[in-house]
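Submitted below is the structure of interest, expressed as structure tokens.
Letters A, B, C, D, E and F mark the chains as written, and numbering starts fresh at 1 in each.
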Amino acid sequence: MVVVEFVVSFFLILGAFFALTGSIGLYRMTDFFSRLHGPTKSTTLGVGGMALASAVYFSFQGNGISLHEVLITLFLFITAPVSAHFMAKAARHQRMHENKAALPPGCEKKTGPHV
Amino acid sequence: MLTIAVIIAFALITMAQVLNLHRLFTGPSLPDRILALDNMYIDAIALFILVGIHFSTTAYFEAALMIAVMGFISTVATSKYLTRGDILE
Amino acid sequence: MEILVAASVGAMVACGVYLILRARTFPVVIGLTLISFGVNIFLFATGRLHTNLPAIITPEQTLYADPLPQALVLTAIVIGFAMIAFVVVLALRANGDLHTDHVDGQPDDGRQKGGS
Amino acid sequence: MTLALIPLLPLLGAFIPCLFHNRNLNAASAGVIAGLSLLLLLIQAPAVFTGDMPIYIRSWIPAMGLTFAFRVSGFGFLFALLVLGIGLLIVVYARYYIAKEDPMGRFYTYLLFFMGSMLGIVLSENLLLLMVFWELTSISSFLLIGFWRYRADARQGAFMALVITGGGGFAMLAGFLLLGHIVGSFELTDILASRQIVQAHPLYPVTLVLILAGAFTKSAQFPFQFWLPHAMAAPTPVSAYLHSATMVKAGVFLLALMVPVLGGSTLWFTIVTAVGLITLVFAAYMAMFKDDLKGLLAYSTVSHLGLITLLLGLGTPLAVFAAVFHIFNHAAFKAGLFLLAGIIDHETGTRDIQRLSGLKKAMPVTAFLTLIGCGAMAGVPLFNGFLSKEMFLAETLAPGLTGAWSWILPAGAVLAAIFAVAYSIRMLLGVFWGNPAEDLPGSPHEPPVGMTLSPAFLMAVCVLVGIFPAFFAGPLVNAGAEAILGPDMPDFHMAVWHGFNMALVLSMVALAGGVIFYRQRQKLFDIHVWCSRNLDGKTLFESLVSHMIRSSRRVTGCMENGSFQRYAALLIGSALVLGASPFFSDNAPFLGPVPLTTLDPVTLVMGLILISAAVATAVFHRNRILSIIMLSTVGLVVSLAFSRFSAPDLALTQISVELVTIILMMMALHMLPRITPKDSSSCRKWRDIVLSMLAGGGAAAVMLAVLTRPFDTISDFFLARSVPGGGGSNVVNVILVDFRGFDTLGEITVLVIAGLVIYALLHNFEITGPRTDALGYPWSRDRFPIILVNITRPLLPLTLLFSVYIFLRGHNDPGGGFIAGLITATVLILQYIASGIVWTRPRFHFDNHVIMALGLILALVTGVGSWVAGYPFLTSTFTYVSLPLVGKFEIASAMAFDLGVYLAVVGSVLLVLVKLGTLNSTDAQTVSPTFLRKKAIQKEGH
Amino acid sequence: MPKKPFLSHGRWLPHPLMTLMLIIIWLLLVNTLSFGHIILGTLLGAAIPWFTNRFWPERPWIARPVLLFRFFFGIFLRDILVANLNVVRLILQPDISQLQPGFIAVPLDITDQMVICILASVISLTPGTVSAEVTLDRRVLIVHGLDIPDEKAAVQAIKTRYEVPLKEIFSC
Amino acid sequence: MNHLVAAPLLLPLLIGAWLVLGVDRPMAQLRALSLAGCLALTLITGVLLFQSITGPVQVYVLGNWSPPFGIVLVLDRLSAMMVFMTALLGFFSLVYAVHGTDLAGKNFHALFQFQLLGINGAFLTGDIFNLFVFFEIMLLASYGLMLHGGGGPRIRAGMHYALLNLVGSSIFLVGVGILYSLLGTLNMADLSVRIIQAPEDSAALIRAGGLVLFAVFALKAALLPVYFWLPAAYGSTSAPVAALFAVMTKVGVYVIFRVFFLIFGDHGGAGANLLAPWLLPAALFTLAAGAAGVLSARDLRRITACLVIVSVGTLLAVAGTFEQDTIAAAIVYLPHTTFMTGGMFLVADMIAQQRPDAGGKLVPDQPVQQQTLLGLLFMGTAVAIAGLPPLSGFFAKMMMLMHVQDSAGSVWIWTFILFSGFFGLIALGRAGSIIFWKTLPVKHADPIKDAGTQPDRLPVFGPVYVLPAAALLVISPLLVIFGQPMAQFADTVAAQLVEPVLYIEAVLGHERAALLFAQTGGL
């Protein structure tokens, strides 16, 4: 049981740490696109990890295996890139990248940002 | 041990939420705020999970799953509002 | 805990009321939504605040949170949703028909003298 | 019953003349009805003259002391006779008077209506019944005065009469109610016998004033006299009938009726006498200057009514006797004079004394009759008017008033008599004597015999009574006076000659004075014009009415200024004031005894996030999309709060509802201004801030007060019965679908209605959003980004599975039909968002109306199903079924109900959002769904 | 000559892969392996794809499931973990001004939209990159990198590490 | 259990759902269904009214969960009268509406049925939260009906109406929440028992909860200072809807009666006589404001709308004395004023339709086509409303004045009622005189210039069109002729209302009600 507790605790703290890191990225980074990385990756992974921790925890509560928390991770991993993609799209639509970073060569000939 | 771990996790997530809130309020752009809100949603999942472990109940699993499944819809809708105006066209 | 909940209800109601008193339909709708959040929490809390006592009958649990206000709030949320949907659309329709989103359907604010 | 028929015949038969299109039939039917009624009245005559008082009583509304009761007192008989007798004459006269173009049937209808009402007044035994008829005369006279609706003066006159007499009626109603209250009965017999009780009662003065107000308005007493002359815009028969003989006499009838119970007090004496005197003199004075014949007669009428009022005010037996006598006399001569004036008008086309002149050659009969009438009006001996007037003069000399004021009554009386003589002479000489007028609109000649008949009859009465009063009027007047006076009846013998006395002297003075006045009339006219420019009652009335309208418009406009902000502030303010009021008088501590629970840091931080997000929603409200984002933050934290405090179902519901709400709001926002302009002054803003602080503070305070109080609830029952009785362990869900399933049925009905209303609102509605985004960039050309399209499509089955899961487990765990429905609807909406309406609609081609209606019907049918088992609506049932291999599972009727909820939610949410989405999408809107489906299938084929 | 799909689809089972997934998810959701739920899950797994078939006309098929397996666990999960540690380091480093964020344009060889999406998602979930835009002609994927000292190398890394395996797995 | 008690709710719900289902069916079918439903509802409620007069208070225990746990419907005489009134008025409004009003927009008939459902629910429910639900049904349907057909003024007025009522709904929930949080129950009968046992220190809170509810009910009933939504809303919506709405303010009045007699009546407890200091002044000011509105209105519809306010003010001023006999008088007045104002909306609409230029505005125009018919209808209704004999208004008013005589504030009530009647008389007299008498010369159609346009522009109403207004008017003399039975009935209604023991006994059984006996010292 101690092992389980340890595993759960480890994953919880690690996950929470990742989640916090995501928010720190959101807080610290200087432009929108850089801010995007923390939440999309760290937070998703962190919360996904915490869900796994929860699965482990409930699997050892005496009510049989509980894996449904895995679904949280699964769905997070499916949806998080979509959100990120869309927010980036919105930001690009608002020309937020034009001052911050140079356009890649492939985009230059296109008119405007909505390549 | 687990109790302490949960408390630490709570503290970390709460701090994360505060940082999210900061970004939500300061922006400066709308995508920034949407991003902050989106992150708050995801961190809310963490809170549901922690509450579940803390109280040793599965009652909040559905809420967590619900956000994971559907939370992105509002982000998508808001982003589409910004890029297309017309969300449902 | 109780103070925090009370303060939250108060904040939502206060901000909601402030928004309701704006001159345009949209802030009013937002205000109504905010108020309904606050009122839902209020109604919910009439069953008192319980930690970790969800009203799902299990053999282990003997104490439960008051389920009745929860049911009421559920109903209130749904009804509130229907109402908000309606006013949102009404605001839209008013904007289309009256060519203004002023709550009084008056484009200019020349009549403000009555109130301010 | 015959007694009740006297007023009822004309009332109920009033519509009959209207049925004919033949003028003779109009008149004849009216005449027959009036005649029948008269016959019924005369049947009562023997009893009345022997001092009996036939009464007919039928219970009507005992709860309010209203009986259907009539009586024929001597006084009532006299009046009824006048009403019916003169009424019949008017019927005959009007047949010739009313022009072909005018709707004669309607005229007679109104006339009979009035006749019945008037009879009702004079024959009622119940005071409330009397009141009914009283107001009916107001209505019927309104219709009669306004008969020539196309004439402005008729309309104004009618309106004025209605307002004054109707308003007076309200006062009288109040007075009657008080009187009945004091006496304890509304039967006249009881009331008339209760003089002591009434006059000793503290409410007596109020009662008296209210009843007098009613009587004075009806009888056009000062200061209400002005409506009567303007009522002369009515057809002349109406003037003759209503405004001289009958209706205006209703006031004095009432005064006389009330003498036994209300009269005799100083108050009565003071008010009634004073009003009578002023009216008498003032109206007589005014009559002298009227060029319009009917105007002259109208003022004369007012004056004579004043005379009668004055007599009743004096209240001595002889005075009352004189009053009754004068009522009779005045009715006869004045009605006759009006009819004659009508003839003159009818034949010459004008009633202007200035223009009329020397008609006696062309209209000798008319002239002769007018002579009689004027004689009677002036109080010339041998005409009936002389008799009662002399009695009047005698009474004014009686020691009614003492001291310094004793001279005023005789002086006023004589003055009025002088005026009366003067205007009578003017009427007679001005019209008939002098050189024949030449420029008259019509060519004067005698009218048809039928028209002369009625005035001739009346003038004959004047003369006959004037010469043989005891024979022709004696019994009638005696009976009338006796009915009022009872044992006080004076032993008075009517005769032309009472010897040489003071009254006779005064009569003579009046006659002589009148002649002199008439001679000197030009000087008087000058003075009059100089001093009476602003004395016009009509102008006063109209300015009063328009002032009332204007000021009420001001008041209304001031309160009801059309500003929602004000209305909302008032509503919220009212709730605050009401809610706060109990605490001002309450000594108990505001907070209860229950200790506060400890606060953990996480909850604290989340609470602070909630509060700051709420504040941000308000602070950023002008940037609308930002405000929505803040709002959805609040929603998220609220959902967390629900889970924090043991409400998983609520957390789920809150999240899903929140999601749909945000989508909806943004869809609408696209077609609304993005920024809220600055509308409010800072003053207004501060007012709002204060009000919202109070509201929020109030809510918070009450919340806190509530949370610190002990609690005892019926919920234990739900917790105990949920599993055994409701078959589910999620108590919240069991409450929703079972214990309080009716609420839920109502709730989904609300959703369905919202769908319907929104659909109706958006039907045939077009609006376009802006062409660029908020920063001025053109919209992205990527309508349906492939990432979204391709992720959402496989996501659909997954999420539907999730919603099935949420649905099925709802009864035992958090979830249920509502949330499942919202998930289904949302993921379907997501398809619309991702792939567009054109693509999606044909793939989900159920009519959303039908889905939600089916949901509602399913829920309803489930509820009704319990009738089969003999239980009330919505009684649930459940059973456990065991299947081999599958195991034991539960089947509950609540599931069917919840399925109904599910369908209703899916249908209504889709209906609303899709309809809203198609608003701005031209291709989806203009093309029919079937076409879209074809097109999409074609595309698929490629 | 199209390759044989991993699981063939028919009229009654339009998306067999999805059916399988639904059954698994159902059992995960209900958290039991009881026979009743397996039946129910199978019923749902069959019914829902049938019901939503019209919404998902595309029939993605996996040419090389083994490769998918390898890609998922060998590259994807590993990268996620490593990349995250990397991102954590980048975020938490004291001086973030040293970062060189920027956009890169990844020319796409894949044409299947679904696979483009998967690629985009994978990119977003892995090292310091977020796919920000697919051009309207679906030929170029624009990616934002948190720290891209060398654009060309980054483009190349993405193409070789993710695009090529995906192209093989889905054979497009 | 008598299932008929639930019928006034289930029938419109079923018909409404059915109408939604057949949304694309031909209008004739929808109309037939809607009318049939309304007719059936009228008959059923008629039977219920009869049962309530002859029998005891009936309780319908929904879901078979005995009160106070489940929701109950309670049919006492007052609620029976109200549902019957609603059905009757609804039927006639609907008959009027099928002449074209229902074509002006979508979903009219379904909304109409749901409106009836909401109103009936508010009358029948014995549960305070369920009352909220029915309020919302009623309001949402009313928003739809009010806005039906659209147009600027309607939208503008509807916006205010809807927004204010939404604020009201939130306040309602706060009120319910306060009561529940202290008394722990939602059943109104149970509340009235529990309030007796409530601890001393909660009294102020309970009273605050009750008064907050009053603010909401005042909004529905249109009392000062929260009535301002009404004139514009009723004045701008379609006629049959306005006619039906004549009963909506009465829902507010009814609920004030119900809640503040049953729960906060004078039978002791923390909330005793809660409304006593508030109702009368509010009602009197409403009365005055309504009368001022009547006088200041510029068109007939608005006059009628303000008359609705007057009628509410009158009702509540009289009821504000809280005595059985005055309540009885108010209950006699209630159907009268509802039907007459409802009828007046229809008459006003018919008049407006036949006036080519002015419509309902009080300015001269060509004479209406059907002078006699419309004139008679107008005059009859006006006479009834202004409180002139021989129609019901006079008797109702007389009865009210008579019965408030001994109550506190009677002088004010008398003054206000009499003056408001006077104002009504002036306004209606003026209106009638302008509309029917002060006519402009008829513009004769120029056969060349207006070929084909002029003749069919103004409608001529057939008997069925006129029937609703006429039928409503006929109710007035009937109320007079059967004045005594009506008065007796009203007295029994008032008795049930003022002495709610029978109600409580019917809902909670003798034992619980006995608590009330104990408190009041036996009855």
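Observations on the model:
One rule holds in what follows: a residue touches a chain if its C-beta (ideal position, glycine included) is under 8 Å from a C-beta of that chain, and two chains touch if they have at least 3 such contacts.
This one's a predicted model, so the numbers in the text were calculated from it and none came from an experiment.
Looking at the partners of chain D and chain E together, the chains they share are A. Minimum number of contact steps separating chain A from chain F: 2. With every chain reduced to the mean of its CA atoms, the largest distance from chain A is reached by D. Among the other chains, the CA centroid farthest from that of chain F is the one of E. Of all chains shown, F has the CA centroid lying nearest to the centroid of every protein CA atom.
Centre-to-centre separation of chain C and chain E, using mean CA positions: 40 Å. Note: centroid distance chain B to chain D, computed from Cα atoms, is 60 Å.
Chain F has its Cα centroid 15 Å from the Cα centroid of chain D.
Counting partners per residue, chain E has 25, 29-30, 120-121, 131, 136 as the residues that reach two or more other chains.
Residue positions 562, 564, 566, 568, 572, 628, 644, 648, 669, 699, 706-707, 711, 713-715, 718, 739-740, 743, 746-747, 750, 753-754, 757, 761, 773, 780-782, 785, 787-788, 791, 798, 802, 813-814, 916 of chain D each touch two or more of the other chains.
Counting partners per residue, chain B has 10, 17, 30, 34, 59, 65, 69, 71, 76, 78, 80, 82-83 as the residues that reach two or more other chains.
Counting only pairs that meet the touch rule, the chains in contact are A-B, A-D, A-E, B-C, B-D, C-D, C-F, D-E, D-F. The touching residues of chain E, counted against chain A in their complex, run 25, 28-32, 80-81, 83-84, 87-88, 90-92, 96-97, 99, 101-105, 107, 120-126, 128, 130-133, 135-136, 140, 142, 144, 146, 151. Interface residues of chain B, counted against chain A in their complex, comprise 1-2, 4-6, 8-10, 12-13, 15-17, 19-20, 22-23, 29-32, 34-36, 38-39, 42-43, 45-46, 49-50, 52-53, 56, 58, 61, 64-65, 68-69, 71-72, 75-76, 78-80, 82-83.
Chain contact summary for the complex, chain C toward chain F: residues 20, 25, 28, 32, 35-36, 39-40, 42-43, 45-47, 68-69, 72, 75-76, 79-80, 82-83, 86-87, 90-91, 93-94, 97-98, 103-105.
Considering their complex, residues 601-602, 605-606, 609, 612-613, 616, 625-626, 628-630, 632-633, 636, 639-640, 643-644, 648, 651-652, 655-656, 658-659, 662-663, 666-667, 669-670, 769-770, 773, 779-780, 782-783, 788, 798-799, 802, 806, 813-815, 823, 826-827, 829-830, 832-833, 836-837, 913-914, 916-917, 920-921, 924 of chain D touch chain B.
Touching chain D in their complex are the following residues of chain F: 1, 3, 6, 10, 13-14, 16-18, 20-21, 23-24, 60-65, 68-71, 105-108, 110-111, 114, 117, 121, 129-130, 133-134, 136-137, 140-141, 143-144, 147-148, 150, 159-160, 163-164, 167-168, 171, 174, 177-178, 180-182, 184-187, 190, 199-205, 207-209, 211-212, 214-216, 218-219, 225-226, 228-229, 231-232, 278, 289, 291-293, 295-296, 383, 388-390, 394-395, 398-399, 401-402, 405, 414, 418-419, 421-423, 425-426, 429-430, 433, 436-439, 483-484, 487-488, 491.
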